[in-house]
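Consider the two complexes below, in which chain A is the common component and chain B and chain C are the respective partners.
Moving on, here comes the complex of A and B:
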């Protein structure tokens, strides 16, 4: 293809990518090095509150923002270097904790607590998603033709459900005396509270994520299975390879590019885990990096938001994803170069 | 067929015009309001809509939307439904207008204590009060011979008795969902113990003997609450009450009506409302007072403000209160307090009275810090002292970023 034609086709997408991804990213990067504050002043403010039948008025010293002549808040923006990153990472506390050998103290700092969960969650769900996806794909592929349609439909359902709705449904099934908790209680004869400790919540989260994402892996693998070379499979059978050996030496190598593809997508998606935290209301026990950014951004009743720390936390999340992707990407790159000769 | 439809449409439009007669004037200017979504707001905005050309948006996310929407010029809404907690960003940004002249023109029916004055100027019109107060199952208490609890120690003693009797495993309900709700419990408890949150120079002051006492009182609740209490918000506690799972809770007055809702409650008429318990003898009830009310945007024309305020007055009139007496603890003329309001009134008129929620920029930051750091204490990861230190550090970082501490 001529470069000009190529460019004409790619330009709109490139433009959109720059406008909606690159520029906001640059802006977040800049904001993570800046702090914007309103100019504050202390003044005596008398506020009256209705009691019942009477009013109580109190005069207090309040810190309030200064307004300019147009009634806008005056703000100042300062370059603060890595201050916001320091505020998020709290390395001084981390070093102190390492010095005194108390790992649990590190996990009390929000960022590290979130990183621990996010990483573990991403890396543990990855093999599960691929394994379960492959299992469903193989089962469907071997099922009778008449059954395939309905089975595919049912297996795809979890993937169609909106993540927040899916997370909330699981929350409602298990919270308090939810249907499934009640069943488990009846079966075991003990009182079970799934949302009263971190590990049961995490367990439900793993279950939810695999349940939600495995259908995606299944669809991709199922498509891949249709292109397995039948001649190779037949010759493997003639050579006396059993089912497992055929899977190990013929099918999986054939599906390898797809496995890498799913791993890439899953790593990117799962590192941004968010719906589970909000849906399961797990903030007291388990938080994720993406939730941390959201928490910084959410304004409190007085309208404050920690934009600088939110930007720093967002940048750190992105750096984390890049690190995670390096390995599978290098492999794809090598395969790509290897396949080109 | 066509004729039938036309006739129907005509009938409906006629019904619409007759409904207008409930309003004293016919409003011709477009009026938009953004408010919270609970029952009382529904009653008020419905009454306002009778004047015509009123668009009401009832949204529980109103507090995140309002500051930006009112900052626009012209403002996206003419009226805002606020509480004393959420009016602060609007006051700080100067996006709501003083109402003195409008009150003089149209506010003849307002009670003096409805006028919310800041530095002498009327900035909001309050319509109802809300507070967290004690609710308990009168039948259970009478059966076991327990007196009405006055302090938190009484509450725990009562809870222990009920648990012992085997009537309920978890007799105590608490709005301790991590984040805003849990922080609010501490906002009740610390002043209740005579402590304070700040020094005059905006530095935090929670790390004190009172702070430790407040934390210990909070934690004592866990023995009698559901193990999943850190995910339980007001609605959850309300449902626990309705389903006979709990017998005591310090819950929002705005939830009282739901106890007697035949459609969903199994405890109709059995829940009694009382003053919020005290944290220490002779202190104020450990709770805060809140009001909900209406503000008018600054970035609109005076004519629009005029019309908006008149519509608001129609929404807050005697007629509306009489039709929705049970929906809230109204401050409006014509309200007849029933048994459901007893707790809130006893709380508000206690001597010494509980403070109003201290809504300020620094309190917003403190509330967030409390909400993020308290869970670790209740799950047992951190002791009281370390938690108070963590709260102060977290607040200090945020306060420096917000520019109120150097």
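Moving on, here comes the complex of A and C:
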């Protein structure tokens, strides 16, 4: 295919990706070094309240935004360098905490709290998702043929469900004296509330993520299992390999490319953990990096959006994903170089 | 394929394997099943701490909303036949009236008509027939199972959830059509070009896919809010404010989805033998003609599968739609956040549950109809790519 035809085919898609992905990235980078604020002036305002005989008047200095002829606030944009990053990272507090050796204080700061949760969440759910997915695939492969269709159907439900709704559906099982909380209270004999401290919420989030993503891993592993070489497997049996050794030395090496693929996709998707925070309403206890940016972007009570801080935290989020993906991407790259391509 | 003797499994292993499978199925389906049950109960029953109260709904029953044994039997029978008909006769009807590129449209129209008729029969016709029958039957006609549809009526009627539903449909329909049109061309180009440029484009797309969406939205927001002033020199007074516009959100979601779409479509196109379009080229077609006449007729399975995933992205999105749309054009998923923000009474909570179930129901139907395509789509990227 000539370059010109290739370009003609790809152009619309490329145009959209440049306009709505690449350019916004540049824009975010620039915004993170700028601050846009309304211009404020100090003016004397006289407020009068009706009183007996004469009105009681007080004059005070107020800061009010300057309006242009259309009644809109005039804003200025200035370069502030790394100020927004400083506001997000709050390094002075971090150093103070390190100086006094109190690590838990670092985790009180929004950004570090979010970073801790996001990384732990991504890295801990990864082996769980792969393990549970593989287990389901192996058992489904073991089941009677007629059962496989319905089982795949049921397994797809948690995967396909709207993430917010999925998180909510688990939230509602536990909220207040929901049936599962009531059940646990009956067993333990103590009063349990699942949404009053961080670690129980986190536990439920781990459960939710595995519940939501394991079907994806399962379907891919299941397809991979169909192509396992039966002869190799049988000769392994004749050589005296037990079930566990066969799994370890025949099946898992065969599935390795798929495991890498799932790990890659999972790292990408799980790093943007966000819907769980909304569904479980855990803002006060557990937050994630993407939620932090979202929170800066939503207007506060005065209707202002903290665009500069959002941009700074967005850039920091991006740096994180780059670090996270370097390892699996390098492996894919080596495979590509060494492969039949 | 008969299992050879060497591969036979012990009874204990077979049993534990089956037990795990049952356990997984219960876990997978239970939360979804449970919110469906909750949504039909009076608030006190829905959030009762005993599961039996939630299922049988004594408080709902006490308020006079309930089903008798006759209702349940007839309802189940109608349900059974409706589902059977959907699986045996409906596909035939759809393929008879719509074929080729119109299959998808045919399915959508077919599913909508089916849903409408089903709702009419189930909630319109059945109560009309069963109410007098219940009165005649005496003890058999006594209500035993508490069940009420009042929350659905409240959500869809008073709270005007249908507006959000229509907005959702508008956004998803836009996302699916545009993302497929743009993505198919690019996917075909990438599959047929072995150049280094194509490879780097795919890598770039992979990097774009990894970006958290909030990063991108942070880039859009200031521009979208001020777009009327920024665009004024070009479009004059016609320049729109992009913030709150469904079509702006469609463009954003299409672009966010583009990396995934082109990867998936590329792997589908690679499975179509390139001899096919080479033959067309030998016969004198240009690349575009070959694409239109030879590739388009055989590409639909891959396109439908990719379309399903685009649909899911548009339909399930919370972050982009909640930040870029105003309350008036809000889609269903962010709208549900509004429910639990003002959730003051338990009635509000159950209405939120009903709204959640309403969002899930179309997805449930989607998996039912397109299970095979979804599975093939999931594996296409991984196994072959």
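Keep in mind that, in the parts below, the second predicted complex is superposed on the first by the 309 of 341 C-alpha atoms of A that agree within 3 Å, B and C clash if a C-alpha of one lies under 4 Å from a C-alpha of the other, contacts with A are read in each partner's own complex, and residues count from 1 in each chain.
In this text, a contact is a pair of C-beta atoms (placed from the backbone, for glycine too) under 8 Å apart; a residue touches a chain by one contact, two chains touch by 3 or more.
Keep in mind that this is a model prediction, so the values were computed, not measured.
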| item | value |
| --- | --- |
| First, second, both or neither for A:91, with chain B first and chain C second | neither |
| Partner chain in contact with A:281 - chain B first, chain C second, else both or neither | both |
| Partner touching more residues of chain A, whether chain B or chain C | C |
| Touching partner for A:64 - first (chain B), second (chain C), both, neither | first |
| Touched partner set for A:176, first chain B, second chain C, both or neither | both |
| Touching partner for A:35 - first (chain B), second (chain C), both, neither | first |
| Touching partner for A:135 - first (chain B), second (chain C), both, neither | second |
| Which of chain B and chain C A:303 touches, first, second, both or neither | first |
| Which of chain B and chain C A:216 touches, first, second, both or neither | second |
| Touching partner for A:252 - first (chain B), second (chain C), both, neither | neither |
| On chain A, the residue positions that both chain B and chain C contact, one per complex | 175-176, 281, 298 |
| Chain A residues touching chain B - in the complex, by the definition given at the top | 35, 37-40, 45-58, 60-65, 67, 71, 73, 76, 84, 87, 104, 108, 110, 175-176, 191, 193-198, 280-285, 295, 298-304, 306, 308-309 |
| Residue numbers on chain B that touch chain A, as the complex places them | 63-64, 67, 84-86, 88-89, 91-95, 112-120, 126, 129, 169, 177-179, 182, 200, 202, 226-228, 230-231, 236, 289, 291, 298, 329, 331, 344-345, 348-349, 353, 356, 358-365, 367-368, 372, 375-376, 378-379, 381-382, 390, 397-398, 401-404 |
| List of chain A residues in touch with chain C within their complex | 1, 3, 5-6, 8-10, 12-14, 16-17, 19-28, 31, 36, 135-136, 138-140, 142-143, 147, 149, 151-158, 160-166, 168-170, 172-173, 175-179, 181-182, 211, 215-216, 219-220, 223-224, 227, 233-234, 237-238, 243, 258, 261-262, 268, 271-272, 274-275, 278, 281, 289-290, 293-294, 296-298, 305, 307, 310-311, 314-315, 317-318, 321, 325, 329 |
| Residues of chain C that touch chain A when the two form their complex | 4, 6-7, 9, 13-14, 17-18, 20-21, 24-25, 27-29, 31-32, 34-35, 38, 47-51, 54, 181-183, 185-186, 188-190, 192-193, 195, 197-198, 201, 204-206, 208-223, 251-252, 254-256, 258-259, 262, 287-288, 291, 312, 315-316, 318-319, 323, 333, 336-337, 340, 352-353, 356, 359-360, 363-364, 366-368, 371, 374-375, 378-379, 381-383 |
